[in-house]
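Labels A, B, C and D are assigned to the chains in the order they are written; within every chain, residues are numbered from 1.
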Amino acid sequence: MATGAIRVAVAGATGYAGGELLRLLLGHPDVEIGAVTAASSAGSRLGDHHPHLVPLADRTVGATDAATLAGHDAVFLALPHGTSAEIAAQLGEETLVIDCGADHRLEDPQAWADFYGSGWAGCWPYGLPELPDQRAVLAGTRRVAVPGCYPTTGTLALLPALTAGLIDGHDVVVVAASGPSGAGKSLKPHLLGAELMNSASAYGVGGGHRHVPELLQNFRRLAAEPSASTSVSFTPVLVPMPRGILATCTAPLDPAVTADEVRVAYEKAYADEPFVHLLPPGQWPQTQSVLGSNAVHVQVTVDAAAGRLVAVAALDNLTKGTAGGAIQCLNLALGLPETTGLSAVGVAP
Amino acid sequence: MATGAIRVAVAGATGYAGGELLRLLLGHPDVEIGAVTAASSAGSRLGDHHPHLVPLADRTVGATDAATLAGHDAVFLALPHGTSAEIAAQLGEETLVIDCGADHRLEDPQAWADFYGSGWAGCWPYGLPELPDQRAVLAGTRRVAVPGCYPTTGTLALLPALTAGLIDGHDVVVVAASGPSGAGKSLKPHLLGAELMNSASAYGVGGGHRHVPELLQNFRRLAAEPSASTSVSFTPVLVPMPRGILATCTAPLDPAVTADEVRVAYEKAYADEPFVHLLPPGQWPQTQSVLGSNAVHVQVTVDAAAGRLVAVAALDNLTKGTAGGAIQCLNLALGLPETTGLSAVGVAP
Amino acid sequence: MATGAIRVAVAGATGYAGGELLRLLLGHPDVEIGAVTAASSAGSRLGDHHPHLVPLADRTVGATDAATLAGHDAVFLALPHGTSAEIAAQLGEETLVIDCGADHRLEDPQAWADFYGSGWAGCWPYGLPELPDQRAVLAGTRRVAVPGCYPTTGTLALLPALTAGLIDGHDVVVVAASGPSGAGKSLKPHLLGAELMNSASAYGVGGGHRHVPELLQNFRRLAAEPSASTSVSFTPVLVPMPRGILATCTAPLDPAVTADEVRVAYEKAYADEPFVHLLPPGQWPQTQSVLGSNAVHVQVTVDAAAGRLVAVAALDNLTKGTAGGAIQCLNLALGLPETTGLSAVGVAP
Amino acid sequence: MATGAIRVAVAGATGYAGGELLRLLLGHPDVEIGAVTAASSAGSRLGDHHPHLVPLADRTVGATDAATLAGHDAVFLALPHGTSAEIAAQLGEETLVIDCGADHRLEDPQAWADFYGSGWAGCWPYGLPELPDQRAVLAGTRRVAVPGCYPTTGTLALLPALTAGLIDGHDVVVVAASGPSGAGKSLKPHLLGAELMNSASAYGVGGGHRHVPELLQNFRRLAAEPSASTSVSFTPVLVPMPRGILATCTAPLDPAVTADEVRVAYEKAYADEPFVHLLPPGQWPQTQSVLGSNAVHVQVTVDAAAGRLVAVAALDNLTKGTAGGAIQCLNLALGLPETTGLSAVGVAP
């Protein structure tokens, strides 16, 4: 495809996910940035929302409607859940629509109803290329549902163990330290800097977080022999950094499974992945290492005394967790090299 | 006991635990601070190590030896593990010795050998007054082993469920976000500010952390009917704040147990505790709320789909997790009101 | 005055300044906390706003009106500027009213008009006891205007040089790193955690900050021989910590003045101050050392090549910068020992 | 020049500056990374020092000596001051040597002696392309002295005012909030995470910082009519973020100069600069906006009451402040487009 040939729009451009999409798209050699749109901020200057996006600072934010989004090869939707389906329906089947929201992630209407209420909008190809056979699904697609940031982290932490049949998705426990940018630019008291700095706090505890059904869906899909009672106890913990997720994931392990077998499974699963990196033995992930990049760092061990496998994964919730993952899917959908415009090296320290 | 009557010494005064002991002792109405000692820093000015301790700034740091520590009613030891026993032996049975290190926490010599190597020094009364019947043990004692900061957090998160028989100590999973002050003032590259700020990182993963056997010891002691296979998967995660631990603790729960039963057990267990506070339903702990105080904030819920109880506890690792807990024990050992000199209100925001 | 005899109310109790007042008042031995009031939050549970204030968690927030605030010995006002005067007028002259807002700080109606607009409400005794002769003014007063947090920092950094005639208030430059709690709990995008963490940003640059006229007023008052052109270039810089101000203050210095003369002036000025501490030579202030305390740490030097005196002061904007300073004034106004209920030792690290 | 044709070595590769050079060089399309060397860490695995640099993780760190560094087109030196000259002398005049240290920045041997002691090693072309006529100096050079991070910030903040003759370098005051990565990976107590998080602290106050003579050298060079008494009061302030500098710079301004004149001078000076960006009126720099990029954000205003111009600049000390600036110079020296391999968009939030 010729340089500059792909014309893309970003709906929801004034939020954090939208800003990260634009940051990455500015560095994508085959993309031209078209419309940038928002709801209540339509008409404002983009630079007022994202001072770091200097090359786009003087762009005027358009309205998120079909007319404004028409005429692009690809449209990224970074919208509140429940609002993507209507827009997508108006964009035409030939347009690549990549939804960074939750609307088209869940296959099960009941799971949607349980966690989001009414309005299940159907399921789109799932934008996690690292899932088995998923690259074939994404190649040429015109609809992509980008995974949630926590599901991406937890799924990639456990994928090799699930596909190798070392764990079966039963009684998984995930606790994820996270920066607040995943919550978006909402003006809520608990997201104020004075509240979040110098503090760690849990939220959505006890199974209520909307990423739970997506994690379960992935575990079931990946498990060589899915458990009859796939389950996950998921707890997100806000910590004082703007970005980044560090997920500690444990699952019951047959005592006969050795640490070597586990290591081999992880090495095999991720040997050829461009963005998922199994750290050398003894080195554990830190979010700093993946900041601003599309990389995922993974480590795994066996806690024999506890009878559990323990895997830890780190990623940047806005990059691989949202916008970077979305662009990885755009590359696959349009037949570009998968890594185009995406860095695998974080900004550390 | 008359005001100012208790003369105390602090060994290991230049470290973070020593500094916190001194900070709190300065506000204790019945205490006079005597010797402040250290190893390699002996001879230096205390203010060079702890600029916040202005009233003690011009004190000269003494040597950590029996001669310097003699003549005090109470001696706090904030020393590297393996060094408390020798000093304690020289202090006389009438001196109250409160060890903030690990040396006298473990009842089982094999557990000590597995995690610390040779030199088990015997077990002292365990300085966690919130354990059942423990206040009677601590009253009048002249030896106290202050618990580790993570065991204090994990134990208080699960105590009511264990003593009520709702969980039995089997397959517990604890993931604890923590500030780096618990690691002390060691000059190690991974503790540098540039490494830790803006990053979350796991360490000691897979059962290797030395606080594991102490957690198990507590779970076994507390369980109404201890499991034949008590176990804990414990993962500490460093996050960008100097102090604070937020532990997410989950354990398998009989499906017949209701959220109400759990709530009642927690309310009953902590109704009269001066420092442990069960938050109202729906409010989850944050470390900011307990910063610099001896308070522990706890919340609990039932994740029915995951079949697990989930409890979260927050405390300040240097206060309730170390120095505050130690002073709480001093109060009990010497017959003072337990809360003397200790705040239950954190410095937030 | 008998213990527990002073009944106090806090208006604006749900904000950060109100919360800090309550935190400190809980530790004040002579105070009983009466009404806690707010505007839009009236009727809510105090614990929903300040989870750290456990002893007051179940208090219901009252309305900020004369009826609710009546019947107290002292009333603290932590209200938006422009709203204190009306309430104060209804409280009666015998009630001690301590205004943490800006309404009664400025002596000059024109300065008020220039920076706040209409509605100058008159000047009250200025609540900075460290100013010369100010303790006599505050003793027995029933009205106190607590200084702004930046003016307190900048004024205490330069006070000894001004009163000793080493500088005259001309061409002062103050740049102050600050946590965002001073901006209150406002739901503004630039105060979100994701914006402020991992970033430093300047605001109110170029003379527009409302604390400028207060700084100038103090400089003029303190200068042994005030300059005909007293001026200050003041720049606040938000940095990633909830609390704390570190102000770097420089002023032209006569080349004949030696570093020793400066040191002597500072030592003399602060020798007997209970909360202002001149650090030993070579040690520079850090905000951590004063966190949560009423202490101010100051250091000073002469930059001969630049022809300037450089003084740095650190304080906690919510404690000495607002609520602690207010309680220090309450103590003075009511004849209690000035340090009652106030710590001079910060929570470090 | 053909892709991949330039073979570069990095000496001091295990430190923060070295790591940033490698991070950026991995994204440079015309560069092949050759030797990576260090002193005491020679023989170790690069991934043990920089876990984010996955593509180079298995490289073995070589020794910093002439033999190892031979055979490269360009050699970056990120070494302790005082050690670059000896290595550089052995590298041959045809090799492009880019020194990120201080050794060859100062033109005046006396200034070197005053701030660094003995061993002035001579002055190299100064690697700040934004200085007038400096690109011509850098084109084709084989020796570059990369500026210090603070001088780059302060110089670019004031350059337009100096070259336009609005200020003359007299009585400049610079206060710079900064992350600790600029201090390198030194194992010093004051650089520990527990000390730096949640705290702001001043250091090198009163004219002692080694970047002072470099700032003065730049001010003298830039001033249309240099003052007879060029001076700067410079104070660095460590704040809790790994990277970033926000410098507040003020200088006396003739009252006749209007804000419009100042704005015009800045617009003119930076209109064509690829990395220096003058923000629109009213928007002030934040370090987050430039994180990980080579961008510098600048804003300026006139404080008429204070008689001073106030300019604020933000950059990433490791990128434009060190490694990015160095690569910008490499591009110029070797005739590549100046922006090759360098981003102008920061990683925000």
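What we mean here is this: a contact is a pair of C-beta atoms (placed from the backbone, for glycine too) under 8 Å apart; a residue touches a chain by one contact, two chains touch by 3 or more.
Only a predicted model underlies this, so the values are computations on that prediction, with no experimental measurement involved.
S.K.: Centre-to-centre on C-alpha atoms, which chain is most distant from chain D?
M.R.: Result for the farthest chain: B.
S.K.: Which listed pair, B-C, B-D or A-B, reproduces A-C with over half its contact pairs identical?
M.R.: B-D
S.K.: Averaging over Cα atoms per chain, report the distance between chain B and chain D in Å.
M.R.: 45
S.K.: For chain C and chain D, what's the span in angstrom between their mean Cα positions?
M.R.: 37
S.K.: Scan chain C for residues touching two or more other chains and write them down.
M.R.: Residues 16, 181, 194-195, 197-199, 240-243, 286, 288-289, 291, 348-349 of chain C each touch two or more of the other chains.
S.K.: Within their complex, state which residues of chain D touch chain B.
M.R.: Spelled out, the residues of chain D in touch with chain B are 16, 179-181, 185, 187-189, 191-199, 240-243.
S.K.: Within the complex, which stretch of chain A touches chain D?
M.R.: Checking each residue of chain A against chain D gives 16, 19, 23, 26-27, 47-48, 50-55, 57, 181, 197-198, 242-243, 277, 279-280, 283, 286, 288-293, 295, 297, 343-349.
S.K.: Going by the contact rule set out above, which residues of chain C touch chain D in the complex?
M.R.: Going through chain C, the ones touching chain D are 171, 173, 175, 177, 194-195, 197-203, 205-207, 212, 229, 231-235, 237, 239-242, 244, 246, 248, 250, 252, 284-289, 291, 299, 301-308, 310, 312, 314, 348-349.
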